[in-house]
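By letter and in written order, the chains are A, B, C and D; residue numbering begins at 1 in each of them.
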């Protein structure tokens, strides 16, 4: 059994880690921290875990040493606390945005502050199994990408790598409210957020830097909060290189994802769910990827969808850990999502 | 033109008052207060009012004297601030819970604190035109009932007054999130409140005291937050006096509400909206009242629905003011609600 | 491996059976039927199953013989088709309403038609493990109760059996839209059903007969469609026998449910989820049961919540089959639900 | 008083016309048709009109002659029935898509059938007051644009006309479920449509032809159904001509919309509603238009939002009729929308 701890277990990503790890047959979840909730039962915050765990939140200062520590703290906090956690874990998995970008200047531009541990930037293997599986087998520091970045990279990279895309990409991301975390600002009030179509990042979102870093493509990203608790969907408008048609696009995705357990190519001619949609992915670790191609116009729309807390966070992290410890990659991640939901 | 001010204009009931009053042909809205938002434009908080008003929130200390002042502050705050406002208005309309109950002991039991102005209790005419129209014509202090109480009273009173109800009444109230106001606690976070069926008052809600005071019935009330922003629906299970059948029930409602502009009797045999439902009442000043009767079993279900911010608050208040100033009762309250919505 | 077939696999309960069975380690799902969808892939109807099954819907006329056949057809259809299916299965599990009631006259009253196979009524063991576990170990015909009935029985039976309840019970049930099935009438149109509080059964719902049959209590049930896709919540107002207090109620539930894997007693003093709520149960096989007690008034509110398609249908059926075939009771049913969701 | 009839009054656009016209002080609504509902009360279909009208649906064959006839029938039906209605009205206002495009070949491409009355194409004045006010004063045939086209045109035209836009425009449209009308296909089932992010038009939507016809811009449009009943939001990604900055964009909008009652420029630095959002426009006749500009990159995002049944349909139609008959333009259209909602 692998011993594990989750730092920041009272948040939404943290709670999702607790859900997955308490059901994972090869992991023993030993410890989870929350400064605010220290001393209270985990299931008082995450009531879905009633009957599944008797764990109590503790302070991070009580951390012992574990095979793996997941960091589910906020951006900016993590870079400050991480150095103190480094020696608590054989394998460290960070789910914040603080160690995803390799360049401190890019970090500053997108997060608005100086990085406090720039020497650690670039020491994290990107936690994206579909692209870094081999490196993850031996990685001791893993940085899980942002939810929208994961969706964008999984949609764009196979075509970018194959040279099918020409020029700048326009990414339109839609997200549910859980992406804002469990903090209660007025912008997240039910009465204000319900039924919203809130364009909160009209001309650039920090995840675009991750997509560019990963695919080499120039990306311009818009992000909108829509009515949903979980779920991210990204639409990528691309211009194709000359001669690219639907067959070529489908072939590029198939080649890359045929053997991937958690990426499905969804581009169908009929049915209600012809293109990827987060609604049927809630709770699952899938990222569905689809496309529509107008070969004559050299235009395409690539669509990816995932649950921001699972494949866009906690599930992806556990998939990385499964790889790192030589376990079956889908262990603990079998839930397929619901229809209807 | 009647001059008016709204104290507490940054809340949801306050915003609804501003919406109605800025569209009211016989009212000139002169002033609105919010200590927190003082100096900022009203439409920065209530964006639906863009282009309709250039008002700026001010401190309550800047209040002048007006024909009518609406108090849309919170419970407990109002009883403290009200004495200082009494001389600012010819007519005072309170929308908080502080002056609805006439007995200080009942107040203490339901609001958990001693009343700080007990000498003013009982000096307010209940702001329920369907029951107090005549007194409202000359009332200088009006206390608008709670949203669930208004629905419950309008459903129960005609039958109680006619002696058709026998014994205790079980009231099951459902409410949208706007009833909790614009304050951002974690209980109102979109991710927590969305899709909720939260039984927040399992065995008694303070509005039951209002219903009892008004109808003389023993009432036991349960309240649940369901997925909606606006809307209250109450279901009243009653036992009928002997010999009461559907005809008698319908007749009692018709007799009372035939000439009421804002109460509709809705109990139909077919269609999707056979009984009252708040969904089609959003923004309107209607309270729909309906019923189902099992005469043999002497059992009945009475159903009432309204928009908690309109007929359950701001709209009802304006209706009272129209009566008080001799205006057509529906002035400024003509919006009928939407289908679908 | 147990071989299994699902009749009526294109509906919502059917789809949920397919989801659970395709992830069940001891079941081989061999066949599923839909006359309307015959020849089409299962995952074209249930897109959450992409990558999980290549099954194609077939006609019921192609059924072979299996260890277990699940009948997920509609009420009234099932009683007609069931006799022809009897010899296809060692164990038959019916999820329709046709074989839940033992009395043909009660059936007629609640379903509006004569029962066409009255000789089979009473030959089905109720598919409620918490009450019939021993009989289920050898049952060859199992009739899974209705979703609201399951919630109502699990809330009421422990107290009724212990003699704590006195007199008639008022049950107020709330349900999501998936309970109406996958048929597209105008009452289920998104624009009409969204945000609804539709009292579709004001004075009696057919599930009340099941509750009475099971608990011996006189029940009067009201049912309302609220905004949700999945989820049932029932509120039971009870009058307690003399001397019953909160401790007695809690003790009665604990005694009955302490060892139950899928019933949790939820009645807490703080937190956002103090009483059972379906929101956190979506996809799970839990039925949460809670209560509030006013001993002085001999009044109580019992609350139960479940996912109507899982513990209220498909999950419950699989739990029964696990028991019948001597498997661990929770096999294939481990998903705990999500927070937030 | 202007006499009016609504053909197709049982649909969602038709119902919205009935709501507005029954509240319009200068219109007498005489007649409304629905073949399917003939003989039934209007308020049995549109329950928000209870107490506001006693009208009964009639067959179109019973139409008399009126000052104005609104056609709210479906696409394709309208072109067949319109010739028979021409002599029933002094002024004809069509809300279908059949007479919006002037070129029969473009119609065939976007609607998939040959136009049956091509001789009438081009005889309708576009029902867009902000662009055709002068022509509308004397127009006898008015063709109201599509909901997404109205939003797109109002966002793009001021900049296109001023020469600020360079090259192709990518339009991303999001729409609620009422845009699909009141017909009950499985794609509109609540359980399937709830929480959807359904990309139903990935690479081109018929409204793009309208936008191009109106602005001269090359447009590529994607359309997604999101969770909402009412509401359309369009995001237009544009590339600016050299030297265009935020000031130039704001100035172009101000110049065009300063005196428009129903178009508001919304592009703010703070607040929850910084850019246009349909949530606060439900029931109102506003189209809010906003923008974000990255002058250095010559990139911009234009955002427009409206209620698809009001400014995107019925409200716009009534605004046109007010102009045509010399009435105040906002008559009957004063409802400002709600906050929160």
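Just so we're on the same page, a contact is a pair of C-beta atoms (placed from the backbone, for glycine too) under 8 Å apart; a residue touches a chain by one contact, two chains touch by 3 or more.
As the structure is a prediction and not an experimental result, all values here were calculated from the model.
Chains that touch both chain A and chain B are the following: C, D. Contact tally for C-D versus B-D: the pair with more C-beta pairs in contact is B-D.
Separating the CA-averaged centres of chain A and chain D is a span of 38 Å. The distance from the centre of chain B to the centre of chain D, each centre being the mean of the chain's C-alpha atoms, comes to 35 Å. Mean C-alpha positions place chain C and chain D at a centre distance of 45 Å. The multi-chain contact residues of chain C, meaning those touching 2 or more other chains, are 12, 178, 186, 191-192, 194-195, 229, 272-273, 340-341.
Residue ranges of chain B in contact with chain D, taken from their complex: 12, 15-16, 19, 22-23, 44-52, 178, 229-230, 261, 264, 266, 268, 270-273, 280-284, 286, 288, 334-341. Interface residues of chain C facing chain B in the complex, by the touch rule stated above, are 170, 172, 174, 186-187, 191-192, 194-199, 202-204, 220, 222, 224, 226-228, 231, 233, 235, 237, 272-275, 277-279, 292-294, 297, 299-301, 303, 305, 340-341.
Those residues of chain D that touch chain C in the shared complex are 12, 176-178, 180, 182, 184-186, 188-195, 229.
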